[in-house]
Structure formats: structure tokens, C-alpha cells
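What follows is a pair of complexes built around chain A, which joins chain B in one and chain C in the other.
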Partner chain A sequence: MPTQASSSQVRAAPRRRREPWLDWMVLPTLVIMAVVVGYPIVYTVVLSVEDYNLLDFTPADYIGAANYAKLAGDPIFWASLVNTAIYTFGSVGLSALLGLALALLTENLGGARFRAIRALLLTPWAVPFVVVAFLFRYMYLQNGGIINAVLLSAGIIDAPIPWLNSAVIALPAVMIANIWAMTPFFFLLLSAALSAIPNEVLESARVDRAGTWGMIWHIKLPFLRNPLLISSLLMVISNFNDFAKIWAMTQGGPGYSTSTLVVYVYRLAFERFEFGYASAVGVIWLIMLMVFAWIYMRALRMENR
Partner chain B sequence: MIRSQSRGLALATISIAALAAGMTGTASAGDKITLTFANWAAAEGTTRPGIEKAIADFEAANPDIDVVSEAISFSEIARQLVLRARSGNPPDVAQIAGNDTALLGFTGALEPLDGYVSKELAANLKQGADAGLRKDGALFAFPWNQSPAGFWYNKDIMQKAGLDPNKPPRTIDELDAALAAIKSSQPNVIPLAIDTTNRAFALSSNWPWMQSFGAVPVGNGATGAESKEMKAYLTWMREIAKAGYIDPGRKIGEFRPLAAQGNVAFIWDQVLLKGVMQGASGMSDDDFYKTWGVTTLPAGAGKPATFEGGHQLVMFSSGKNKQAAWKFIEYLTTSPDAIANYTIGVNSSLPSIKETGDASLDAALGTPVFKAFSDEIIPTLAPQPYGPDFAAAATAIMAGVQEAVTGTQSIDDIALSIQQGLPQ
Partner chain C sequence: MTPIAHSPNSRWPALANIARWVAIGLALLWSLAPIYWMLSTSFKTELEATRLDPTLWPEAPTIANYSGLAGTSLPFVSFFINTVVSCLLTAVVCVVIATPAAYALSRARFRLAGTVGYTILAFRMLPMVVVLAPLYLLLLNVQLLDSSTGLVVGFTTFGLPFAVWMMKSFVDAVPIEVEEAARVDGYPRWQVLLKVVVPLIMPGILTTATFVFMEAWNNLIYPLTFITTMEKQTLPAALVLTFTGQFKTDWGGMMAAATITTLPLMIAFFAVQRSMVRGLTSGAVAGA
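Right after this comes the complex of A and B.
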């Protein structure tokens, strides 16, 4: 009984301490959020229902859902959406797998050796994305690129491969650069999560004679589930909005084979100045990301229950 | 005491005089006109010293005018100028080029310049220099310099391939034969350098090639992307790509160092190429003329054509110092010093005026490359379909060109997809 009483007291304590005026302290944050996040979102929605071209100095016309109707029949939008999905989920999925594998492989390394290997593995994450893009762009060059030079001299290929100039392999080639840059993020995060697994749990598994795979599958992966979900959500959002790498490497080409939504929006807004139509794409894009984040968070919450 | 009083009086007199002088100075500084000049010349290492010198010389000649140079990169300037014009704070004068000039003209934010151009200056402008710079008859941009593209050929590479180095290809058939000879004799040389990226500049650069085949996919007199001429052009592009005669996906600027190293046989590039190659290779003028020649584009079913890659100067109608702004525009365009130090010196382009009034400058313009551009290439300048729809057309057409060059889709399907992507 006394134990129950004390626990209810503990639970009730924060309520007693609550001061209503403290709620108002959040107001400045809300105002700032409304200005820097809310206003641009609302204005984007407003622009998306207008025929708004930046070159036309006359007031924009309200056109209702016409931009959205145009979007539905726009093959470049759909091609960009498919490319975005392949680029995002492909890159995040493979990076997470590689990061996990590296984290597991280096888990038992200790001392200076581990520090050196970890520093080496983390290097790509420290390279700015634009530098990564240009690095790979030059390595991928059909004539004079180091990748083709090595493959040719090793006799693996007879003719240079048009890495970024083929509509078929350009997207995978860009994804490889992206995976190279992103894998260290997963490695870092999962290494930290692995080291946080309680020793008692691992010891118990060893006592029960769990093998390496059993240990990974039944003990470590369940512990890594939440960090993996959170980190991949962050990376999905980040890759959905990834402009620098694709623009610097292919500008969305050849054809539209590497054009993603962000590249398409850039072309619409800043080459064609069609802000109304670009905003409609932006709104759809925002909704998709919000739905995705909601599903993810829901999955996470269910898991926690 | 008297001495102390007189010393005080003297100090007071000096103080008042100094104050008065200061006030006069302030008043005179306040009378100075400040011009803002948005340009990319100051943003690029090669041209920065030249434009800074031209501005300093202008300020020295016009002590009542201060020029504030705003360095903006070439790829950003159109966006920034449109946004600034819309928000009511454009610069007084801006450097602009290509379709961006037409876009700014379309906004109606530019000051018509006809009223500022004297009869003498109008008469001294090269024929066609102001082509495409008028809207409803009004001149909205002034041609600062001319920089058309020419067909550059490396005589050494031609000779090694068994070709006559003094007879560059004049037709597409002759070009095909020359490309084949070069590829078979020198496999490591890029036979033809052309820009096949997907950007507005690439369409400008490829437009004359399309015209060479008689194709006009968009604009005045358009026959569409599904015309037999356009399909012939796309088919030819596919064939030369498959044969390894071109290196797809490179910007034209990325070919320049390779050309300077003697690894490119033919390059479709602007007049500035000479300066860039000499800067990279340290080649003397004599050696350059022995190695490189430039002429008009080989023609297929159509006529040889070229595009104007020169720069223009514009003045915004909301500016408060229009007379001073025009004085600056006129100085940059016509002053022999500005032409020598900037236009020819660092920008490696041609002035837009016929007579510079300076014998040494006229001699510099008589060298083989400049002469070939002035006498042979500039007369083939053809208008481009510039305007608000150009960027959308460029995306559609160059995506199709890239598909033809790198993909496997049939030419008919590519032509259809270009046609569907063109602005209606």
C-alpha cells in the first residue's frame, strides 16, 4: 500500500507544480514558427491555386485546381515522382544495410584500431554534398574518368561505360554516390545504438548459447529497430529534398532519367518562373512527406506500446 | 594675454574654416550620383580585373558618378534581376545575355533605350547587333559585345588524319567523313565537342545545328519536333554518338581544357575560346594561328548558322539616374579603353560597334580569328526563339537530344515526346 501511495504521489507531483502562465511562454516560439514555417506553407498553398508567373507583372489570376489538374496529366511530374521514390528509398535502404553491416563488423574492435577505422569510415559523411557530386561526376566521366580507366586497364570492360550519359544507368550511378556519402551516418548511429545494448542481455544470450546470427537477429536487431526507423525517416526526408548531388552530376538528365521532384520544381520556379505551377508540385510533395512521416511515427509509437 | 587671445581667435578661425570645408565636402559627396551595376564580369576571376579597371576609368572620367559593382554569378543573375525588379529594387544597370535578356525585356521593367542612343552611335552599330533586342519596336537592351560561336578546327589533328588542314568540312557529309578519319587515326582524340547538357544555353548552342538540317522545332516558322528535318538531326546526333565522335553530357566549358591540350579535333564554341585555350596552354598567337582555325558551321539541308553569345547592358525604368546610367552603358560599349581592357582584353569578344576610333584596336581586330568571326561567321547569325517559353522548350528539346544521344528509344518516339513537351 505505501508503495502505491508513493507512486501516485510521484505521478501527481508534476500536476501540482504546473503553472498556467508557463503555457504562455511558448507563445514566442509559436509566433516565430508561424512566421518562418506557417506563412511560407500557407503562401505556397495560395500560390498553387493561382496562375502566377514571375515574369508577368500583372496581378496573378485565381485558377482554382487547374494547376493540380495539369499536374495529373504531366508525364514529367510522374517520371520525377518515380525517380524520387527510387532514389530516396533505394539510397536509404542500401545505406542503412551497409551502415548496419559495418557497425556489426566493427562492433568488437577496440582501442586505436577501432578509432582509426571509424574515422576512416566516417570520412565520406564529412565531405560536403556538392564536393561528393563533383568528385563522382569526374570519376564517372566516359572519357578520362578514373572508374572507366581502371576497368579498361583491368580488362573488365572493352569500351568506356557512359555512367552518367546513359538513361538506364545514370540514376543508379547517382545513387552510388549518394550511398557512399550517406552510409557513415547509419554506421555512426547504429554503432552508438549497438554499444547501448545492456550487457546483461548479451550475456544471457551467450549463456543460452545463441550463435552469431541468432544474436544479431533476435537480440541486436530488435534493439536497433527504433534507431533505424528514426534515422531512416530523417534520411528519407533529406533525400526527398536532395538537390545538390543530382543537379551537380546530371541536372536531371539524360532526358528526364534522373529528374526528381526537387529538380523539376527548381526548373519550373527558377528557369521558367512558373511559381503557381511549381507551388502545386511543392504542395503535393509536402503532403506526401507529411503522410510518410505520420505513417512512420505511428509505426514507431505502436512498436513502443 | 593678448597673445593667448589671438591664439584662441586663430584656433576658432581654423575650426570654423575646417567645419565649413567639411560641410562643403559633405555637400559635394551628397551631390555624387551612385550607380549600381549588377554583373557577372566581377564575379569571375578572368574578367574581374578588366571590369574593375573599366569602372575605375569611368569614375575617373566622371568624378560626379560612383559605380557600385554587384558581382552575381552568370547562372544566378536572371533570377536575381527578375526578383529584384518585382520587389522594386533593381540595380541601375545590369549585364545580361541570351534568353535572360528577352525574359527581362518581357517583364516590361526595362527602360527603352532609343531615346538615349545618338544617331552617330546608331550608325556605328554593327549590322544586326541589336537583333532580338527590341520589343514592339523599342530597344530594351544595348549590345555590349558580340561573341558568336564558330566551328573551330585543329589543323594538326586534321593533318594526322590525312585531311587537308586548310579545308575544314563545309557540309555534314564532309564532316562525317572527317570525323571517321580522325576517330580511326587518333582514337584518344574527341572528334567533335558540342554541348549536350540539358539547359537553356545548350539549346542556344545546338539551335544552329538543328538549322543546319533545316529543323525549326519551335518559334517563328516552326515546323515542330516531328518534322523530317528534326528527325534527321536527331538521327545524325544518335549516329555520331554511337560512333564515339562526341562525348555526351559535358558542358562546352569542360571541353576547353581538352582542346587546349590538343585532344579535341573540332569544337563548336564562342570567340572567347582563343583566350581560354591560350590561357591554359600558354600558346603564342603565332602558334595558335598555326594550330587552330575557325569558320562557319558545316551545313546539311539548311544554311550555316550561328548564335549570338554576346552580352548586353540594360537599364531599369525605375532607376533614378538614367542619364548617368546611359553614360556608363555608352562608355562600356564604345570607349576604346573599355574595349581594349575588357571586351577584347579579358572577355575575348568583339565590340558591337564598327569603328572604335583607335588604330591599334582596329589592328587587334584584324587578326585571323577576329577577322574570321567578323567577315564569315557574324553574317550567319540567326535569331533564336527567345522568350518566356524558351526555357521550357529547351528542357523538352535537350531532354530529347540527350535521349537520342544516350538512349535506345526510337527517333519517332523521341520526336513525339519533344513535341508533347513543347510549350503550347
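Right after this comes the complex of A and C.
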């Protein structure tokens, strides 16, 4: 057993000598991760330089950077990349704003009333992604969908909008469903962050007669900056990976208008069985995500300091 | 947006207060209306569900959509059982394996602690779709394709790293002094973990397990790719697979199935909602 000296600094020197490289307690996790994640990543890189097709029974050949060259000139890849960026940053940005507004709105509601309101506002979080997708798909129906029916009867529109069937509107429509599902996350985290602001800070601002807006802008938002940044990055990463909502709503269509990289890789690999090419897209994808993960971890370390 | 009072006793102008409650009302409407719509539709007949002038309340409420789920040619009961089993199994496996790892990382006395910790965190952020094709081939080779076990393996790729990090934050919150008495008595470390730490972090373990369960329940891409027999499919994937036909317009039945899919997640979510705030704020946001 390693030293148990947590409080005594006297043992610092001998401890260093006895400090093992690895702890057996993390080994099960590491072994499993190595098999189910580490090995597949290495395999992806290998596949990405081969012309591997699952339906092709001849052994895969090494084709060097050919997949990557193909990717550079693939308009669907670039369209998917742009869609992914719009989908991710648009949804995360708007959800964060909405969540922030809700957290500020409900901030000083105390007691049972607040708990009830909070629970109700959190409900969309507990709806499975696939259900979110089908629910909105139903509400978006061009004929007989509740959204068009409401807009028509309110006189806001003259003709039903083809929400998910229009190459232009489909992506924003999917994003609205995504924002609906994601806002509670920001609401909950920002509520918690708001209540963590030390009372003395608020008191002294009050003594200085700070107005409501001044209070939000100069006192609360600076305190919320880090939680907001970190939860946004977390959601950016999870939205980059979002498959269920888009696939169940539009399958990336009409055309490729709502196709993100995840959807595109899935189609390449499991509709066309081009595992090699899909892996090349995956590797590029991986590199981009790792950049984001790196930023996230930097932000974490700053927060911990 | 409404201006916000900074203390309960500050004087709100009446108008601002009204505006605030209107905003809260709108927020509640936005959050709950779709869920109400799902429930309401699930009690409508096929005809009423697609009327051009939708009815807010079912005109002729019927439970046919629900009873239909059990009786159709589609094995909805097995979809349900498959999902519960594979998600529960994932939650248990992840938590059991992650607990010692989280403990070791929290009380780190080994040189690679930082590297190991951040490697696990990096794995958490991997795009699932990148490991999809190789994982498929891997499961194919060990003949775990089209089985619950294979699905659990897939869910573990995101569940385990998440569980380690979330649980680490709960272990971090346990003061080391608590363990010292047991350590002085010479108990081996795994017994200190089991008898002292685990009981203390039980709420955290349950919260983490619930989160893993929810993530697995939400997952669509793994069951869609790894499961090829319809009877072995999970609910989310079954919804997609049975409902992609162009001519299937039974929205009432669809919404009944959606409600059934939502229910377990809703229960799990509200069961841990309280400790979730702490788990997420310390785990995900503070990242400690």
C-alpha cells in the first residue's frame, strides 16, 4: 500500500522513491478502454489508408493518402462539415443564452415553488433523443402538424411551411428540437453557478447601489463565465457527436442539407460499406475534436486553479 | 428578457414582476407543450392524430395505441426488455469498474496519475462514430455482433470514461481523514474503499449509474449498427426502424411507443435530480 501521509510533509522524500508508476485499481478501466476505444482508434487510422470495403472479399490494399485526397475534393464532406458547425455552434449558443435567461429569471424564487418550476423546466432533459426527434417530426408535419396549424390559425403564415422537407428550413428546424432538448442542461448548471456566488459579493454590490442590469452584467456574468465556457465546450463536443436526433428526424436530408459529419460517416460505413473512406473522414473528425477536447481541458485546468 | 431582482426583498416594480412571470410562463409552455402533445396524441385514434385541424384534447380518448403495442407483429415487449437489460447492465458494469479507478485517481499516489486521468477524459470526448467501423469489425471477429453483450461493450466506450470522471469528483469530496482510522488499523486499500469510501459516495454512485443509464438509453447509433435481428433491437432503434416507411402514418401508435420509451428515463432522471446538480457541477463543470 502506498504511503498514507496526507498531512505530513516529512515523508515527501521517501514517498517519491516508493511512488509506483501505475495503480492496479485503474488497470481494469485502462485495459477495457484500450480494447474498446484504443484499439479501434488505431484500427481506424489503419483503415483510413486502405480501400477496405466490407462487401469486397478481396483483401484490402494499402492506398496511401488516396482516401484523404478524395476527401479534400468531396463536396458532401465539406457540406457536412459546414452543417456540423452551424448545427453545433448555433444550438449550443442559443441553448446557453436561453438557459442563462431562465436561470436569471428563476433565480430568487425560493422554496417549493421554485423546485416545482425547476423540475418542470428540466423535463425536456428526460426525453430520449429519439423521442425528441419523432415528437418534433410529428409537430413539424406540413399538413396536420400542430406548429403549422397554430401559425395558420394565428394568421402568421398563409401557407403551411414544409419544415423538414425544405433544404433551407430543415437544418434550423432540427436545431430548434435540439435547443429544446439541451436548454435544461444549461439552465440547471447556470442556476447552480448563480447560487454559488458568494453572498458578500452581492451584498457589497447592493451597498454600491448597483442596478438590476448592472448587477447582472458586472457581478453575475463574470462569475458565470467559467461555468458557461466549460458547459458550452462540453455540449459542443456532445453535439459534434449527435446522431440520434438528426438521423431520426431527417436522416441527413432532404439531399444532404442536414447531413453532419456523423451522419455522413455512418452513411459511408453502413450504407455503402466503404469502411476505408469512412475511416479517413473519421480521422479528420477525430483531429478536430481533439483540438476541442484540448481547449476543454485547458479550460478545466484554469477553472481548477 | 425581464430585469431580475437581486434580493427577495428588493422592490420590484409591479410591471417588471408581471413581465417576469409572463416570461416564466412562456418558458414553461415551451418546455411542456411538446410533452403534452406527445401524451395527448398517444390517446388519439389514427384518424384524429393527423387531422388538418388538430384537437388539443383527444375527442374520443382511446388506449388502443398502448394495447396495440403489446399485440402487434412487432415485439415491443422484447424491445423494452432489451433496452432495460442492456442499459442497466452498462450502468452496473461501468460503475463497478470505474469506482476503484476513480478512487485511485482521486487519491493518486502514482506517477502516471495525471496522464491516465486525462487520457480517460480524452476518450470521453472521442467521436463515437470514429470507433464505429473498427468496433463493428472487432465485435464481428469475437462474434458479439447482434447480442446484448456486444451492445454493452459499445455503450462502455462512452459510459466508462464518463463514470470515472464523475465518480472521481464524488471521491474528491470525501475528506481523506475519514479513511485514516481504517488505514491506521492496517486494512488493505481495497477494504478501505469498500467499507469506508463506497458507503459515503453511494449517492454519487447512484447518480453516476443513472447518467450512464440515460446516455445508453439515448444512444441510437450502436444498436442500429450492432444489432441485426429485429427481436434483439432496443426501443430507440426500433422506433427508427419501424417508422421510416413512407406510408406509415400511425402517429398515435408512434406517440404511444414514444411515451413508453420516455417513461423509464423520466423516472430515472427525477430520482436523481437533486444529487445531479452536485454531480454535474463538480464533475462536469468544475471538472475536479
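FYI, the second predicted complex is superposed on the first by the 266 of 305 C-alpha atoms of A that agree within 3 Å, B and C clash if a C-alpha of one lies under 4 Å from a C-alpha of the other, contacts with A are read in each partner's own complex, and residues count from 1 in each chain.
Criterion: contacts are C-beta pairs under 8 Å (C-beta built on N, C-alpha and C of every residue); 3 or more make two chains touch, one makes a residue touch a chain.
Here the structure is a predicted model, which means the values were calculated and not measured.
In the superposition on chain A, A:Pro162 contacts chain B only, with no contact to chain C. Look at A:Arg267: by the touch rule set out above, it reaches chain B but stays clear of chain C. Of the two partners chain B and chain C, more residues of chain A are touched by C. In the superposition on chain A, A:Asn241 makes contact with chain C only, not with chain B. In the superposition on chain A, contact of A:Val291 is made with neither chain B nor chain C. Judged by the touch definition given at the top, the superposed model places A:Leu55 against chain B, while chain C stays out of reach. In the superposition on chain A, contact is made by A:Asn143 with both chain B and chain C. Looking at the shared chain after the overlay, A:Val36 reaches chain C, while chain B stays out of its contact range. When the shared chain is aligned, chain B comes close enough to touch A:Gly252, but chain C does not. Of the two partner chains placed by superposition, A:Ala72 touches none, neither chain B nor chain C.
Across the superposed pair, chain B and chain C both touch chain A at residues 141, 143-144, 251, 270. By the touch rule above, chain A contacts chain C in their complex via residues 1-4, 6, 15, 19-23, 25-26, 28-30, 32-33, 36-41, 43-44, 47, 101-102, 104-108, 110, 117, 119-131, 134-136, 138-139, 141, 143-146, 149, 180, 183-184, 188-189, 191-193, 196, 202, 205-206, 210, 212-213, 215-216, 227, 230-231, 234, 237, 240-241, 243-244, 247-248, 251, 261-262, 265-266, 269-270, 275, 278-279, 282-283, 285-286, 289-290, 292-293, 296-297, 300, 303-304. Residue ranges of chain B in contact with chain A, taken from their complex: 79, 82-83, 86, 103, 106-109, 190, 197-200, 247-250, 258, 388, 391-392, 395, 398-400, 402-403, 405-408, 420-421. In the complex of the two chains, the chain C residues touching chain A come out as 1-8, 20, 23-24, 27-28, 30-32, 34-35, 37-38, 41, 49-54, 97-98, 100-101, 103-105, 108-113, 116, 118-123, 125-138, 153-154, 156-157, 160-161, 164, 176, 179-180, 183-184, 188-190, 193, 214, 217-221, 224-225, 235-237, 239-240, 243-244, 251, 254-255, 258, 261-262, 265-266, 268-270, 273, 276-277, 280-281, 284-288. By the touch criterion given at the top, residues 53-57, 75-76, 141-144, 162, 164-168, 250-256, 267, 270-273 of chain A touch chain B in their complex.
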